[in-house]
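Input: structures, listed below.
In what follows, chain A forms one complex with chain B and a second complex with chain C.
Our next item is the complex of A and B:
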């Protein structure tokens, strides 16, 4: 498997794992980009899940979360594969 | 230094924790119980008089060290967060299930890995149950399971469990109030300050790396992410080398002296309950201690649940007996899970399903 190159990504964190799972479901249904990842260690010492997507999708994803009633904790930008 | 930005560094965390466990086993902790969260919580519960099984009573400094290590490193690196309020009583019950399931198998997931590294085939059988349990928990997550969010709370709240642990340490060092086994596993231990240092180091590295046995398998199933599993891999390799080098690697089922039994169904179901409950509670027994150390009152309540569950496992005869060798007759007596323990595991699994499918994301908001 080819290793993905590290680049700056948008990382959405949530208060609960269930919110992250709801985000995955909503994005799959609406064909929105991104994938579930473990919350990057530099963001949190917790062990929850986060949504990782290209930086360009910021507004789309914010709109989607508001539309679907998915409460986010924070939006971060991280160097990720 | 960032210990988590590459798989190599994550594996290194596992290696350090493996060295700590190997060192403690070498200096006196029971065979293949080098570092077991469920066993050590059970021993500490016995020391406090919560149960009366005389062979398993000893305030294990490793448990105290883990919580204090996580507390100190999170305070030093400004990661301490006093959080609470995510269905605490449900977590208390999940803590009880973690302890009861572990004591039916005779070990938490950490000890399962240690036993696997010593060639104990019973632990490899139990791994099947553990993976299935975690998998069932993942299905619940996908169906929208949630215990609700935790909120920031008064700073002191998250420090209560670390202070209580410190209290147990002071009582153990300065008084004779605590019970201490004269024979059996509880009487076998490394020197107290070595155990404490081992717990502190393990706690620091587990906090930095987010080491979690249930989480590692959850991440693989859910996201094909192998970061946490890499830590376990490093830990396993060190223990494997240690066991091979010291003649402790014996691939077999019936191994007297190892504190294990060969009732496959109950090994599988015991660890199934542990894997399932761990995903619902957001971490294995080790991870609960670490999260409690870095300020989570919810995890602290889970730890209290483990103490009570461990005490109940002995007060009500739920814990399994280990395969043993009679020194006089040289006869091997097979270890077994008593009927009460079998019923308890089935109840634990049913309770996990009830919790998994009655706590919904939409409720807690």
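Our next item is the complex of A and C:
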């Protein structure tokens, strides 16, 4: 099976795994879209988890992070599978 | 077997704890190491337990809860990570070696130490604590309850003293976490150190600490964090700052189940039950000729511990007799509390410690009373 096709997606990075887990929990509770992925290498060569979601969810996710007090590192747009 | 060594570790755990550990063996990868299902399962369970502990101790947020292997590790991180040469620290004779030994090491590097004494019932004086504060005093480090006498230190008063003088307040909650309500914010606690395997009823090898937001603690360990690999330094963000290497995920799964069980049951109910068993035992043995009990039983602000000696008998022999003849498990000797024993004059004899848990029964207590009565007969 070939690799999935790439699409431009929103990727939120975090300082710690705990922040990434807080994001997943908040998104699941609020029914916000996305999932945890390994941080894409084009963003950082280090390890870690990032929240990957459709670009259209940008404002929703920013609002949710602010409302829940979840600290993010950065917001990126990346071509991902 | 009648298990009365719950101050050392709780033997009987809620079934949910065992089930959670066993389930973790089937599902858990390495938390924070990738986004595969097993890795995320582990991360979720650990984060969930972090959140529960934050709620349980009334922490500001889950990131202020750090996982360690036990109270000893937490106390070493706190003490060695906060104090430097030239600082003055106030502590008490009630402390366990997990407080005293790290402090002694700091003392060798120039930290000044005042160790508050106690009265004949093992109680400290807050006037003495107040009087011990100097210009360079950095912190008060104290236990919530003596693991020998069960006496509690009033954290409200100690916290107020710390706040009044702008001192850090570091608390060893080894004997009380899980069995008592502890609100770190209300009590003004800067660092709370706890173990998972005693009152919290989790597996051994679990423990942790709460660190007040904004307080920076030098890490004791550095290494793998799952994030920021190419940074030559360990991450400075909490909780990663104080967690290096793979966490005890299987154990933490059990600890999470234990905290849920405790929150469902309520610390008030657990405490009420433990104190009632302790009182029953105390009232049953206190009038037996030849028995000497240590600690302050005029108050219920205490841990569910009764330490005693029978005549001048070696505490090790008495504990062994209880074990071999009656199947009653107690702890003799020095309990890693050298200064408390010295203050009570029990260095030579030691003491036999009976410590109770929610899972002990009245029948067990009555059997223990009968055993003590028989052993005290001349």
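Points worth noting:
Keep this in mind: the second predicted complex is superposed on the first by the 77 of 81 C-alpha atoms of A that agree within 3 Å, B and C clash if a C-alpha of one lies under 4 Å from a C-alpha of the other, contacts with A are read in each partner's own complex, and residues count from 1 in each chain.
As a working rule, a residue touches a chain if its C-beta (ideal position, glycine included) is under 8 Å from a C-beta of that chain, and two chains touch if they have at least 3 such contacts.
Not measured: the values here are computed from a predicted model.
In the superposed model, A:47 lies in contact with both chain B and chain C.
In the superposition on chain A, the residues of chain A touched by chain B in one structure and by chain C in the other are 15-19, 21-22, 35-38, 45-49. Those residues of chain B that touch chain A in the complex are listed here as 2, 4-5, 74, 79, 81, 86, 141-142, 144-150, 207, 210, 212, 215, 219, 222-223, 225, 227-228, 282-283, 287, 291, 294, 360-361, 364-365.
Across the interface of their complex, chain A is touched by residues 31-35, 40, 43-44, 46-48, 50-51, 61-63, 225-231, 235, 237-240 of chain C. Within the complex formed with chain B, the chain A residues making contact are 15-19, 21-22, 35-38, 41-42, 45-49, 71. Chain A contributes residues 14-22, 24-25, 35-38, 45-49, 69 to its touches with chain C in the complex.
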